[in-house]
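Across the two complexes that follow, chain A remains constant while its partner is chain B and subsequently chain C.
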Partner chain A sequence: MDALRRNILKNAGGVGMIGLAIGAGLLKPTLALADWNKSAFDAKTVPEAVKALGAANAAESKEIAIKAPDIAENGVVVPVEITSNIPGTEYIMVLAENNPTPLIADFDLTNGAMGYVAIRIKMGKTGPVRAIVKANGKFYTAFKQVKVTIGGCGG
Partner chain B sequence: MEPMRMRATIQGDVADIKLLINHPEETGLRKDPKTGQLVPAHFITNITATVNGKKVLSAQWGVGISKNPFMGFKVKGAKAGDKVVVSWVDNKGETQTGETTIGS
Partner chain C sequence: MHMNRREFLQVIGVAAASGLALHTRQALAGNGDALYDVPRIGNVSLLHMTDCHAQLLPIYFREPSVNIGVGQAAGHPPHLVGEYFLKYYGMKPHTRDAYAFTYLDFAEAARTYGNLGGFAHIKTLVDRLKASRPGALLLDGGDTWQGSATSLWSNAQDMVDAGIALGVNVMTAHWEMTYGAERVTQVVNGDFKKAGVDFVAQNIHTSDFGDQVFPPYVMKNINGVQVAIIGQAFPYTPIAHPRRFVPDWTFGINQDGMQKWVNEARKKGAQAVIVLSHNGMDVDLKMASRVSGIDFILGGHTHDGVPRPVPVKNAGGVTYVTNAGSNGKFLGVLDLDVKNGKVAAWQYKLLPVFSNLLPADPGMSRLIQKVRAPYDKKLAEKLAVTEEVLYRRGNFNGTFDQVILDALMKVKDAEVAFSPGFRWGTSLLPGEAITMEHLMDQTAITYPYTTLSELTGEQIKGIMEDVCDNLFNPDPYYQQGGDMVRVGGISYTVDPAKLVGHRISNMMLKGKPVDPKKTYKVAGWAPVGNTTSGAPVWEVVGQYLRDVKTIKHVKANQPKVVGIGAHNPGIAPSLI
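== the complex of A and B ==
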């Protein structure tokens, strides 16, 4: 549960008041009720993170393209573009497998959003950047190895 | 807080939306070089985007997103003049909303 939501719960005394706040236009409903999967983001390994997000048994797919540098001289900023050509792509998860906490982000895509996201990520050391895609209820995955010259997590 | 920088262009019926956010994205693992103390974690946890009020993207972000985050995404079925709204919230409860109109 994020801090905003916790504070609202504490200050307003419950869900009823959140409803009132939303009704009065004080809060953006999507953000006030946003969930953040702490166990997935705190997970130290890829299988733990993936399990926490319910994305088990992903099949390797050549229909997912990961665009990232072969060599990232500075792990503080590594541009990553994921394109899924799998029809019905509705979700993309991004992991840097050798980071202290591998899960970088996940994206729910709806109402015409295509199977594409571009972000810039931190990488602590050399390793695979992995994408896991959900399409029509099934999970697919691909990775690209990125060599990191100077790590970007601690410093 | 500096405003979000957003750009939305369209090719055919696919909108290409790019944005930059001003945010420290502290992992909680970095030491302040002057004091030697850990800098507390401060990072965006959730970001959402709508086109003409319909939710197109809803994401959870962790500490692995780079400082001053960039995000790009694409929406099919959009047209010039459609309104794009992006909002984020971070682990300290700070929020920001930015909006732009899809250009032709």
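== the complex of A and C ==
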């Protein structure tokens, strides 16, 4: 990508991929809905959050790919990409297991949107980043360990 | 001729007694032909240097007596030291090889066999090997621009010029980045472009759109054979160093990307695929098991002099992993016989660069002289004399690090000190003067600020646990490749095999347990955060050295190491 195109995109008013997806009707802005899952987002532990999502029996799945750094370059903005290859993916939920409130996002993918989300999350300390996918009424899950370190002292 | 100094002196004694005239230097220097006339095999040759840390002149560099491997790495290369190393590689004690590859009898062996490396001597060796290897390429694995006073003061220009004069063809990077993205780009698009040096890194992308910043690989035609050389820069550059140097670039191991570029290179006709890596040996070994289609990973970063490539099985067959030491001590020579689109046979030698066996190249000598001329007086300032071997390399501490810690505590009036576990830093022999140049060899970085902080015992332990995990995490992808932070004032016990948060125990300060709630004054240097003030560490240590005048009875604060067995090949028996 050339520098000009980069600057144009950067200056387009901060409308990133998520904004475009919402505009196109592919993604419901969950926070704007009256019935957003408050208890899941407020949950202080992973089991509580998972329970509130109704995903307690999620099966481990190799069809979910999580792309995230092994060691975060900056814990405040950790880039995470989740791809669900499970047919009929309806929701993708993202949890940072060791965060004070683990549930970070709940993407409601309607109208046949591709099972792919990319976000930047804040992580206070090392721990698994977990994805939970709901497809055809069933829950699936996968995780990737992301280390958050003070750094320094390289060879 | 294989003998140590004592044996040699005995021989001299006999010779003198029998009235024979003997020219000491010549007898010991011997003739480099036996060592450096390496018969070539095959049709493709690659010469590999890495982590020279800007050492233009010959140096002493003591290899570690502590280099512990954890998990699957325990007891395997590169985690072998001293006698364990000699036994594994079938080397004899009291030989040139034992001196070059291990810490054994360091001072004595150093006086016998002399110093190693130096660009004028490396140049002679490179030219000699190239003469018998038409089309051979010289690959530089990075950490070339940092580690000396002249590299810092010339903004790396001395090393850019020296690398080009040496004939480097392809390069990747780590510490180069600490001169800032702008400076790196300037050299790559300026000096390097003009000289035809390819700078490759598959794992550096822009933070915004994830675009490649540099070409991921370069395809070279060597004697009619298509050879792809893929670059792998140090994956944790923005974590190990202040973020501000590369604010818009993101790094990481990028294993999927590596596989993608290997596949592309093969598709485009590469008959041999080489990765020029700054991952560090343990990371390279894991990557070799996960990615298929790479013939050789020529590695660096962890400064391991590994005489034999390590074969690693993966889905596509076998990948060989090497590591070529540091400070200009070694030059790797890889010959490949590529037939019918694949590597049919190979030969690898890691040659120690003994400067008294290789005459200095006059052209390179002139260049080095020119580079040093403006700084000669400053470099030569005698700060103190040492009565001890001063060195840095080792998992937990070195004697030169202890001097830095002592200086920080004294000058900053702190009860505790931290000093980074860098793996570069040359060594000094007893009786040598410590010059400003030597001090800069230990400290020449672009973020040299000293700090004084008030930290609780709990915070101190937190820092120690965190850095320890960067060294001993059982999964190499979570390691950063440096050594443990050097700790002054506090003694402790370490159990490398435990998990983060549980490795450090028994922390004691002046005979009392460190109180998690109490606040302590802690001095340090090389802050990776936003700190950009505080006296440079060389001023602090320089002041200390001028005051004490003589360095003696240095007792490096080594932790008690537990949980790794009584005969761990990664630690000298006397230290356990």
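The criterion applied here is as follows: the second predicted complex is superposed on the first by the 115 of 155 C-alpha atoms of A that agree within 3 Å, B and C clash if a C-alpha of one lies under 4 Å from a C-alpha of the other, contacts with A are read in each partner's own complex, and residues count from 1 in each chain.
We take it that a contact is a pair of C-beta atoms (placed from the backbone, for glycine too) under 8 Å apart; a residue touches a chain by one contact, two chains touch by 3 or more.
Predicted, not measured: the structure shown is a model, and the values here were computed from it.
Once the two complexes are overlaid on the shared chain, A:96 sits against chain B while remaining clear of chain C.
In the superposed model, A:149 makes contact with chain C only, not with chain B.
Looking at the shared chain after the overlay, A:74 reaches chain C, while chain B stays out of its contact range.
A simple residue count on chain A separates chain B from chain C, and the partner touching more is B. In the superposition on chain A, A:111 makes contact with chain B only, not with chain C. Shared-chain residue A:85: touches no atom of chain B or chain C. Where the contact sets of chain A with chain B and with chain C meet, they give residues 79, 152-155. Those residues of chain A that touch chain C in the complex are listed here as 1, 6, 9-10, 67, 69-74, 79, 126, 145, 147, 149-155.
Those residues of chain C whose C-beta lies close enough to touch chain A in the complex are 51, 143, 174-175, 206, 208-209, 211, 234-241, 243, 250-253, 256, 280, 301-303, 420-424, 463, 466-467, 469-470, 473, 477-478, 480-483, 485, 500, 526-528.
Looking at the complex, you find that chain B touches chain A at residues 14, 18, 27, 29-31, 45-46, 48-49, 51, 54-67, 69-78, 87-89, 91-93, 95, 97. Every residue of chain A that touches chain B in the complex is listed here, in rising order: 2-4, 7, 28, 30-31, 34-37, 40-41, 76-79, 81, 96, 99-101, 103-114, 116-123, 152-155.
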